[in-house]
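Before anything else, here's the structure in question.
Naming follows writing order (A, B, C, D and E), and every chain is counted from residue 1.
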Amino acid sequence: MLRIAQLTKKFGRNTAVDAASIQVEKPAMIGIIGRSGAGKSTLLRMLNRLEDATSGSITFEDREITGLGGAEKRAWQADCAMIFQQFNLVPRMDVVSNVLHGTLNRRSTVSTLFNLYPNEDIHRAIDILDRLGIAEHAPKRAEALSGGQQQRVAIARALMQDPKIILADEPIASLDPMNAQVVMEALRRIHEEDGRMVIANLHTLDTARRYCDRVIGMRAGRIVFDGTPEQLTTDMAREIYGADASFSEEATSTEIGALDRSAKAAAVPA
Amino acid sequence: MLRIAQLTKKFGRNTAVDAASIQVEKPAMIGIIGRSGAGKSTLLRMLNRLEDATSGSITFEDREITGLGGAEKRAWQADCAMIFQQFNLVPRMDVVSNVLHGTLNRRSTVSTLFNLYPNEDIHRAIDILDRLGIAEHAPKRAEALSGGQQQRVAIARALMQDPKIILADEPIASLDPMNAQVVMEALRRIHEEDGRMVIANLHTLDTARRYCDRVIGMRAGRIVFDGTPEQLTTDMAREIYGADASFSEEATSTEIGALDRSAKAAAVPA
Amino acid sequence: QEITEFRIGVLGGENAQDRVQSNQCLVDYTEEALGVPVKLFTPADYDGVIQGLLGGTIDMAWLGASGYAKTYLEDPEAVEPVLVKTNLDGSYGYYSIGFARKDAGIASLEDMQGKKFGFGDPNSTSGYLIPSIEIPELTGATMENGDYFGEVVFTGGHEQTIVAVNNGDVDGGVTWADGMGNWEDGFNSGALRKAVDAGLVDMNDLVEIWRSKPIPEGPVVLRKVLPEDVKATMIELMAGLKEKDEDCFYGVAAGEALGFKPIAHDAYLSIIAARKSKM
Amino acid sequence: MSDSAKAQPSVNVRAEYFAQMKRKRLYSGILLAIFVALMASGFMLADSRNAGGFWEGLHRVFDFPKSVLSEAWEKRAELPGHIVEFFPALIETINIAAVSTLFGALGGTILSMLATRGLARWPRLIPVFRRIMDVMRAVPEIVIALVLIFVLGGGPVPAMIAIAFHTVGALGKLFSEVNENASLKPVEGLASVGANWTQRMVLGVMPQVAPNYLSYALIRFEINIRASAILGFVGAGGIGYELKNAISWGQGRYDSAAAIFILLFLTIVAVDQCSSYFRDLLTHGRKKGEMLA
Amino acid sequence: MTMTAEAHAPSLKSQAEQIFRRKRLLAFALPALVLVYLAYAFFAFNVPALLGSASLENGQKLVRDTYSYKTHVTRDNRSGEVAFSIEGERKGRYPEGTHPDWVSVAGETTVITLPKGHEVRYFADHVEYDLPGYGLITAAPGSGGVNATFPAGEMPEWINASKNRVAITTEAGRLTITRNRTEVFRYSTGWELFFFTLDSPYHGLSLGQIVSRAAGGEAGAIWHDFWYNSMWRHVDVAWALFETVQMAFLGTFGAAILALPLAFLAARNFTPLLLVRQAFRRLFDLFRGVDALIWTIILARAFGPGPMTGALAILLTDTGSFGKLFSESLENVDEKQIEGIRSTGAKPVQRYRFGVIPQVTPVLLSQVLYFFESNTRSATVIGAITGGGIGLMLTQAMITQKDWEEVSYYIVLVILMVFAMDSFSGWLRRRLIKGDEGGH
């Protein structure tokens, strides 16, 4: 259903994404890993059309995505929700309004400017917040919430879009391990229960292993690995992260279990 | 030479310094310790006449200080340099100008207003900076220097006053351990080489022990200890700091050595 | 006593720049005659010149009759009238002309009842003082808003009145003219003539609805405290200007005229009385 | 400390410092000299080009206020009547300022969004919109007002349009400075759901910048009241028109003039105080506001 | 997810609906309030009447006049003399015996060629206007009237004829005939005589010729003829521009110099005496509240018209503004620096000089420069009232309502001037505040 072919993005002379090709036939939960600057964010932003590709193509359900413009582009964006590392909510607005922003593309501009959202949308927003376990924060301002809660609001906004794909750009990078787990589990559940495709940039190997059906590894803009989590050996990981022999998987971990482990590991030698 | 008798300062109903009496017969390096709010700063500020005493007297070389006013008061301030925790330099002016501010009392107002200092003053300022090891920063703006360097500029300004007493109000409280050591050593050297009296408020016991000939302990405005560092037992320190049994000397330390020690101490039990 | 400089004020009615230029020759002659630097000032309105005379910052000016009256009433010792411009026929009067747009169906003052009426500058004789006294005599009502006219406004000056009437912003207004020559030319001289010459209005579109009794031309005044010899020199210079330099005279007098001839305070008593009645 | 240590490094330092000091003294000396020369010669030139000199005029400064006040005092019984009489004109002046501030703020908001990097609808046109704002800011209100008086006739509308025009430029510049400090994250968040430009601006940017906008608009309102009074002076209605007529008639109407002075002064002071109170509330009281919300 | 959450969802929903009802109300109420106010203003300003009377024609005339000029060909019907002058002004008059090249003179007959094939002919006893596509109009002005005859048919609206006056306005030009005078206006594009007037030997020369003449030693004369051009008076305009900037400069910086010491007296931390402080604050309010406009009127009596009066008016108003701003900045100074200076035994003046001035300079300077820039604009307006600077020229040129090309010339200059001051003060601000000189 999603077909990315030879997708390339250049910033000046710097090639952020270099002829990336990915094919996805049925909704899956896909993790993209790679070190900082590998081009993960750029790839996702091109998928959502926040960034224009330099060359290559994206096809979704036999529709060319890269060439869309204006209203069609925005319609595609509505179909393809995006979740950001920094949540990118409107901090001074309340949580429900933030979730309702997921419907902006469907509603007329004037009605959204005057907060004329239909009641069923408001109800659905609350239901989604409820599903993510943060319904009681609905009337608060987004900025009053903790990071994990804000990220769940962002997921709620994404769900509100009723999207075919959910893109998540390092959704847990600014969260503490506890919140990270809640957010990743929410994403997994959405994938499983609603059958939506989820593509998440992750900067830790074990998260990708634990939650994803398929892992894509990027290095310097190129896709260097594409397979199941099981196929992802430590050697492969070293290759992706360009790390030397001292590479330790735990060093990149944010899992609570892993932390406990590493804390113990650090404590013992002292 | 310096005689403080029943010196008291009240702020409203709050007595900051309560009938403090100190006698110093010959130039010494004196440390005043005590917890926050004990009245250390107020005592020093009264000595420099930045603050007026409520009652009591200060006599220096048989001259009554508390009653001085106008030009005489300023002349005394010139004789009694003060160093502050926050350096209190003029950040937008260059280092040498800041040092030259030490001569303001001696020079005519008009010439100083136009930054017209005699050349020998400028030479002396650079010599003093050289002595403190920061001559190469002479042309820079004060704000461009690190904290430790700024504090040495402040000391240079104090030396420029050619004072009989140097008062230092927590001179190392805003500095990292490395810089703290440099600054304390500079003060000690000034005391030893020039034979000037130095009175320093210090918030750590070990610094006082290490650099001072005499330690005065204050608590709630009263002087509760006055003796040599050797006489300052841990019990005495507990009394000064009003600390309970869990009081640990290292907790107040900024010495590099002490830090190493405490780091090790923390590491071992893990 | 001596003077160190001599300052001439010139009233509005023309571009500041044009005023400076038409009077530049006068400045040169004065400089030559008095032997001191001469400065020319072109304040924005009548009041600017009057304030200058009162404050002693302007030594000579050619005022309107009402302006002279104002100056006199504020400080009788400030200035004295010395000369007046005489028309080619030897008279020294002009008229306040009430006019309106023809297509508005207004042909007389009666038609103006309930309509909007425009004065010029409050210090103008023909643009305010005289009509504000003579028109109520005809209408038997005051010039208050709503009494006879629906609304009475100040447009700010003769030029503005003409444009306002022509545009229909006000239904009728007053301005000055020498009353000679033909209506269709906008008379021989005056504000209407200037507007016609500039192509701003077409006299076919306008009608005269009222005309005042002759109004004495405003005097050239000198500050009273000036030394006598300075005053004498200036009077002589102005009076002889036409013989001395025809072109210069045309510029200073703002048009064709017979010349400047002496006048005294008494000629303005009626205007002063009129102005006083408005206070 | 030791003699040898003392000699070496400080020689260079000294030379360097003296050189720098000389340079600085020279620069600040030149700067000061230029400034003083400009001030002094400017003063003398202005003095000589003025009709009355500064020193001769100084003792007459109170002449005019004195004649106004003495007449107003004589006719003090009529003052309240005059104040009532001129109140509608004052209302007109305030209306001109208020309407033009409203339009100016609206236009300024749109232009500033179009001219801010990251928000602009057409990023390539940013310099164009900036120039437009600069030009709008540069044209003095009086110019536009007089042109419009010619076309539209006298009255409040030309003044309103003129002031609004200028306000668009002035507020646009200030607003775009505010915009530059706004976080782009919410905007990007909205872009990712397919929101169009208007929605991004109104829902993503406005909540962040509104308090600052409001604060600037209040200052502008204050300035615009003055501007509309001045424009009245050249024929655009309102209190300035009444003032000009009273003042230029002179003696006999100084009591009206005094009443207008009082009205204008009180209004300006009142608006000034109100606006600084509200601005304080907006900038400092924001924290409190957040907690309440 | 859980049962309990499910249970309280309905109440949350109604709560959310309520929130949105409130938000909608607010979202509508605010614009509605504004709209109601604007509607009120619409009628208070009497906009409908205004729209009715707005004269688009005036607008067009104005716009056209900004880039074009007219040459008058005037015949005195009594003496028979024909004169040519640009804009009908004496200083734009063609010297005796010369005329524009689109006119031919042969004895009593003058033929004026207008664009689009129109032609006007003055004869000894009558005038003809040959209008292609309409016909021939003839008129014999005399003491009995204009006596015009028009081609048969209805009179077009561009002819305004009465017994004594006929005015014909076409796109090619304009003809008016009265008993006394016959006059043709021919419009041409450009700012007439912008460089040289007709009496200058350099009029009509090309740039190349001028340059070569200048190189030949006539540069001074050329410059003189241009600079003292009697039509445009470039020298006076330059002076006026200069005067305007000068008013802003003297006013702003004079105010800054005055306000600085006074601000100390109004700052809480430098003047503990409440009475003194309040007195100065009220004084500042007074200076600010009495607008520059009113100051101008008051001062004009004492100092007469001219730039000094304008500068003083700006100075007084800004002393009020600066006093307030400066004292606010002074209240925010960092006490530590002052205390540092004080502890050395420095005298009070020295304390201010080294403890206060270096920290406030950048803030104050940027405020002053900001005012300087905006005062350049205000000075234009003040000049219009006090009688000085470009403002006076501009308003006078506008009020007399001819010479719109001069108006546009002045407007362009004013905008350029404000622009220049804007960039200059911005540049200075960056230089002084970033540069090292700030501390001195």
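Keep in mind that, in the parts below, contacts are C-beta pairs under 8 Å (C-beta built on N, C-alpha and C of every residue); 3 or more make two chains touch, one makes a residue touch a chain.
For clarity, every value in this text was computed on a predicted model and none was experimentally measured.
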{"item": "Contact clusters after notional removal of subunit C", "value": "one piece"}
{"item": "Central chain (by mean CA position)", "value": "D"}
{"item": "Inter-chain centre distance, subunit B versus subunit C - centres from mean C-alpha coordinates, in Å", "value": "81"}
{"item": "Whole-Å gap between the CA centroids of subunit A and subunit B", "value": "57"}
{"item": "Inter-centroid spacing, subunit E versus subunit B (mean Cα positions, whole Å)", "value": "63"}
{"item": "Shared interface positions of subunit A, touching two or more other chains", "value": "113"}
{"item": "Two or more partner chains touched - positions in subunit D", "value": "49-52, 57, 60, 63-64, 150, 153, 155, 234, 247"}
{"item": "Two or more partner chains touched - positions in subunit E", "value": "53, 55, 58, 300-306, 384-385, 395, 399, 401, 436, 440"}
{"item": "Contact set on subunit C toward subunit E in their complex", "value": "7, 9, 12-17, 20-21, 41-44, 48, 51-52, 54-55, 57-58, 156-157, 159-160, 163, 167-169, 181-185, 197-200, 202-205, 250"}
{"item": "For the subunit B and subunit E complex, residues of the former touching the latter", "value": "48, 50, 73-79, 81-82, 84, 86-94, 97, 101-102, 104-105, 109, 112-113, 115, 141, 154, 157, 161"}
{"item": "Contact set on subunit A toward subunit E in their complex", "value": "94, 96-97, 113-117, 119, 122-123, 125-127, 130-133, 135-136, 138-139"}
{"item": "Subunit D residues touching subunit B - in the complex, by the definition given at the top", "value": "1, 5-6, 9-10, 13-14, 16-18, 20-21, 25"}
{"item": "Subunit D - residues contacting subunit E, complex", "value": "24, 27-28, 31, 35, 38-39, 42-43, 45-47, 49-54, 57-58, 60-61, 63-65, 92, 95, 98-99, 102, 134-135, 137-143, 146-147, 150-153, 155-157, 160, 226, 229-230, 233-234, 240, 247, 261, 264-265, 268-269, 272"}
